[in-house]
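Two complexes come next, and they have one chain in common, subunit A, joined by subunit B in the first and subunit C in the second.
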Partner chain A sequence: MLANTSIPVFEQLFNELTKTLPGDVFAFLPELVLCGTVIALLLGRLLGTDRWIPGHWTALVGTLIAFGFSFNAALGGIELSSVEATAEISRSELFSGLLINDGMTIFFRLFLLLFLVLVIALTVLSGIPDNEDGPDFYTLLLGATIGMMLMVSANHLLILFLAVEMASVPSYVLVGFLKGRRASSEAALKYVVYGAGAAGVMLYGTSLVAGLLGTAEIDQIAGKLSELTLTGATLRTILLGVMMILVGLAFKLSLVPFHFWCPDAFEGAPAEVGGFLSVASKGAAFALLIRVAGQLAGPAAVPPEIPVPGLEGLAISLAIGLGLVGAASSTFGNLAAYSQTNIKRLLAYSTIAHAGYMLLGVSAMILARHAGDTDLARDCVSGVLFYLTVYLFMNLGAFAIVALVRNQIYSEEIADYKGLAKQAPLLCVAMAVCLFSLVGLPPLGGFVAKFFVLAPVWKAGDIHPAMWLLVGVALLNTVFSLFYYLRILVAMFIDDRPTGQPVAKPDSVDKLYVALVSIPILLLGASPLIGKLSQAAEDAARDLFL
Partner chain B sequence: METPLAYYLFVGAVLFVSGIVCMATKRNGIAVLMGVELVLNGANVNFVAFAHYTPLGLDGQIVSLFVIVLAAAEAAVALAIALNFYNNHQTIDVDRGDKLRG
Partner chain C sequence: MSNQPLFWIFALLTCGGAVGVVISQNIVRMAFSLIVSLGSTAGLFFLLEADFVGATQLLVYVGGTLVLLIFGVMLTASGPFQQIRVSPGETFLGAAVGLLLLSVIAFTVIDVEWDTLNAARTEASPGAESGNTARAIGLRLVGIPADHEIGVHEGRGGRTGYLLPFEIVSIHLLVVLVGAAYLARAKRRVADGSTGGEN
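On to the complex of A and B.
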């Protein structure tokens, strides 16, 4: 009886799989190449070939191949969108709806792989890890990146959880990579304890949402939400589940009040790892947050004359709640950064503040989406994507300079940076570019990025006036943040170098790398590249809301 | 008569809350990790129960299988980090990690 019924089921499954699998695997090639590189690194370690072929070459070649594949996919996407009308959707589901392949996936894949190439190049220059530990380090780095690439393409609550964990677990180890150091082991323990707790809470929230809606596919959440009668216990359970999922994401984004781990982890970890986590992990978490939050805003097609009970309140309270968390994060991050003496810790607080600015974009996106203003919602998303891209260069630049200077003067205290400009002028000028861009001064990339994020938020003030207040808080924060960034620059440029301090003599390769990272910041502030990037960001956001 | 869904959810909620309390109050690093396991398994009970009672179907059971595997992997990494902390501090009391602050 059982056998008779199950054979057609398997046959159907088999037919279904063979029909779509080759195409799915092809679209998944960048991730598969990274997986292959990880295996090659581990095998190299096992067979001892890593003595002839250092781990960083294997990792670099693998990442470049993956970048080539995803660049190819991006070019295909652009051709498709220029031939077809703009309404054409280049969105496809992979592996029976577990993953999604749309403009945003392609954008973030390129973002993550470009960043990975830059980070590997930085680790080669700065000498962390040494040749002995290289294969291990790059295995973890690539493994975390695969997790992040899954995060940006997740379309199923299982993949959401798995991808977040795949990105987190290697990150815990990376933070504790210098295992002989007390600070490093302490940072790793704090990170793993908080991280595992946040992941557990997120999984419980996922179970509540999936059980109540009867589906685990993220792109069906909006539809199922509008079918439910959101009152009483149902509404409370959904709210609880959604808040728990957001706790997990807020932890990855190091938003107030889930930021405790961030300064400790960044101070204990090598600066290279801090740079990697601050950009890649945040970018991927923002992609995931945009996907989930876009669904929670409900289907845009709901006509206002038939309001779904409860959904109205859910979307608006979610938008305002996220906006307040964003404002609190940027305020707290900037206030706490003010009194720091360790530069990595200061930059950690600065990343908290920047996550706060970007979160305002997401909160305005929910509002606009809920009000049915799809164009404004897309503007919000493309603003966040633009910001993340500029943030990649300016934050990586700052962390790279910290790492390279550490190799020269063996210190990461701001007090030891005094008078560095006379010994390493290029590094200090590049640092000034990165920091002024982080403040958001024109004509640097950070200014344009802040404008692109905050302008749609200001426009969303027409829907709910709280957005105007949030933009005001963000602008005040920008002004305030100038002071603590300036403190580093004053130490570098104006103070005299005390006698007896180690002399910084950066190599020409170091200078080249730093210039390479900081030139895009200048270009993204005042050149036609702004238009190109914002076009790419808009293309990425276009498929998001149907 | 079939057991109602609420009973299973209650067990899941008790596991979840016990885990959270354990994470928040224990100072021993290993005990904190045990709390994490409780939280994950509370969610697992929910998933399996929902798989049986709601249209979620097999997805719920698949999720719980994946979570069991992932919990093992995470525990391995967390224990390695705890061991490294012990080697550097001669204790696994999480409160003794107080070098990084400010």
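On to the complex of A and C.
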């Protein structure tokens, strides 16, 4: 196989590397820029330049450059697709099939980097890492984001595991970033223990799946699945492996019953970190879930008239199972949010509920894909992508306001928010926009997003009637959720501010930031931007099922 | 096999070390027996031409985990030779679980048809006897994909070399190291109210 003399080996190495590597590295530039930024942050501390150029500027500039590169790649993708009009052109594999560079990768890269820019800006405003800790904080933030960017482009089970770990381990430290506070350390410890357990289970699952299928490449899973005779022990083993992988992803998505870490971690972590984890980590995990789950539905080449015996059951039980988990997550998240008095804990339960809604889209995608309805499957995916984008703004907005208000009144209890609207009207109005959008009320982005997710799920009810039931549960949950979000708003707007409470005087920069984050929610609810974004989401989903 | 005497030496040391861990009541002696057992296991791997696994066994278990274990004992134990006493119930339970596992493994080993397996193995890859697994793995890590392995498919050139994970993991380790250093480091000054958050 490999020559024993060393010269041919080096020749082979050289040939392999010069053949594909330059192109691969070019497509990998945004990640590399982030890696470079991490090193620049460390060097800045070593050389002492971080006293003149604070860490947040280095991080911000690096992220913006990475954003520029990925934006450039996205523009290239659009030009390419309009000229060639075929989906296969814009889809390419990097690093000998370990990564995949398609519409969804580009979409999520922009999503993550835009979000990273917004989070860094927020941390500058709220000042949670001071100048001394800044380089450490941004190193961890960028390191986690590199992991998430690998998650969204993973095409190999090894990268799947590695990327999830790369995203998780810095997050553990970020959750415990406020050292010396008991709640913070406890939150980080809980997150670490649960995370390590989930990672171990997921690793075992990937080994079972890779061993049974004889491939570790994610886009080969569907083909290999259809070649197996899925009966008896094989079916049980593959089911076990798939479930174990899904446990790892469900942990990242904080779905019921793997959500226990979420409220504690969010309560103990600074609000900025909570916002980062709730959006970026979830978005990346959804991208990974869509890639894996799309393969588990089986190959498109098999027409539905010739059902592969085991595969049929596998796909449908997977779809219904994920749907039930999604419904349970949104129901449980909403019910548990009622009794919360800490706003970060309440928002943590709200993120559990929102992950549940989006999971319904994924489960409908599996069903549609299995039934051979590729268009519907793409609609499901683009719905989830749209939802995630709106979710970025509304959730970041809510967490940002919590962080900025905390700096003024030194509290994160809902009771201390009483009468805040008279002192900081803009912040409270923006909070109202975010929360109403989280509920999904009509003129706001949240409503459109919910519609885009649930409409394909409703359509998938034609394939399996359980989907109708799931949509019903989701709609009921939307109504439920109104009440606990309203509680915050009632405290802010209607109650009087008790005397002796600290006075909130937000800076004009704070106000500008909050306005910047909440205006997209309005635009995505009622403006031509809806069409633009849904078009982008459709473009991203188009390469997914060939 | 010409390695027969060596095999018996390593096998006896492996089992003897394992028995030593169970019999001994002194935690430092137990750790030493574990070193003997795990080190001999590495020797068995080398005899099986699995040099990479053998080296990993030495590095990770003997070199890493056990040294950590001994340091842990030295740092936490009140006396240098702490005794561990087990109740009869624990002995019974441990023996039951251990024997169960032993019987599972023994039955599995007996069930395998070694002759046909060996013949198939030499037929499939004649070079397997020559060892050198570390080199093949190393080459995959620097980007040369191996043939006839997981992930071979025609028309895509998609044979998997593991250059990317090998390189990107260094960034991961760097980031994690920074995080660990941050958590372990004492804060030089107390955060003032405006930046230190609530409370």
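As a convention for this text, the second predicted complex is superposed on the first by the 527 of 546 C-alpha atoms of A that agree within 3 Å, B and C clash if a C-alpha of one lies under 4 Å from a C-alpha of the other, contacts with A are read in each partner's own complex, and residues count from 1 in each chain.
One rule holds in what follows: a contact is a pair of C-beta atoms (placed from the backbone, for glycine too) under 8 Å apart; a residue touches a chain by one contact, two chains touch by 3 or more.
Computed from a predicted structure; not experimentally measured.
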item	value
Partner chain(s) touched by A:S339 [first = subunit B, second = subunit C, both, neither]	first
First (subunit B), second (subunit C), both or neither touched by A:G214	both
Touched partner set for A:L13, first subunit B, second subunit C, both or neither	second
Contacts of A:G180 with subunit B and subunit C, given as first, second, both or neither	both
Partner, of subunit C and subunit B, that touches more residues belonging to subunit A	C
Which superposed partner A:L162 touches (first subunit B, second subunit C, both, neither)	both
Subunit B versus subunit C as contact partner of A:D130, first or second or both or neither	second
Which of subunit B and subunit C A:S92 touches, first, second, both or neither	neither
Touched partner set for A:L203, first subunit B, second subunit C, both or neither	first
Partner chain(s) touched by A:E267 [first = subunit B, second = subunit C, both, neither]	first
Doubly contacted residues of subunit A, that is, touched by subunit B and again by subunit C	158, 162, 165, 169, 172-173, 176, 179-181, 210, 214-216
Touching residues (chain side subunit B, partner subunit A) in the complex	12, 16, 19-20, 23, 29, 32-33, 35-36, 39-40, 42-44, 46-47, 49-50, 54-56, 59-60, 62-63, 66-67, 70, 73-74, 77-78, 80-82, 84-85, 87-89, 94, 97, 99-102
Subunit A to subunit B touching residues, read off their complex	157-158, 161-162, 165, 169, 172-173, 176, 179-183, 185-190, 192-193, 196-197, 199-201, 203-204, 206-208, 210-212, 214-216, 263-264, 267-268, 339-342, 345
Subunit C residues touching subunit A - in the complex, by the definition given at the top	125, 127, 135-136, 139, 142-148, 150-151, 153, 156-165, 168-169, 171-172, 174-176, 178-183, 187-189, 191, 193-199
Parts of subunit A lying in touch with subunit C, wherever the complex brings them together	1-2, 9, 12-13, 16-17, 20-21, 35, 38-39, 42, 93-99, 127-128, 130, 132-133, 136, 139-140, 142-144, 146-147, 150, 156, 158-159, 162, 165-166, 169-170, 172-173, 176-181, 210, 214-217, 220, 270, 406-407, 410-412
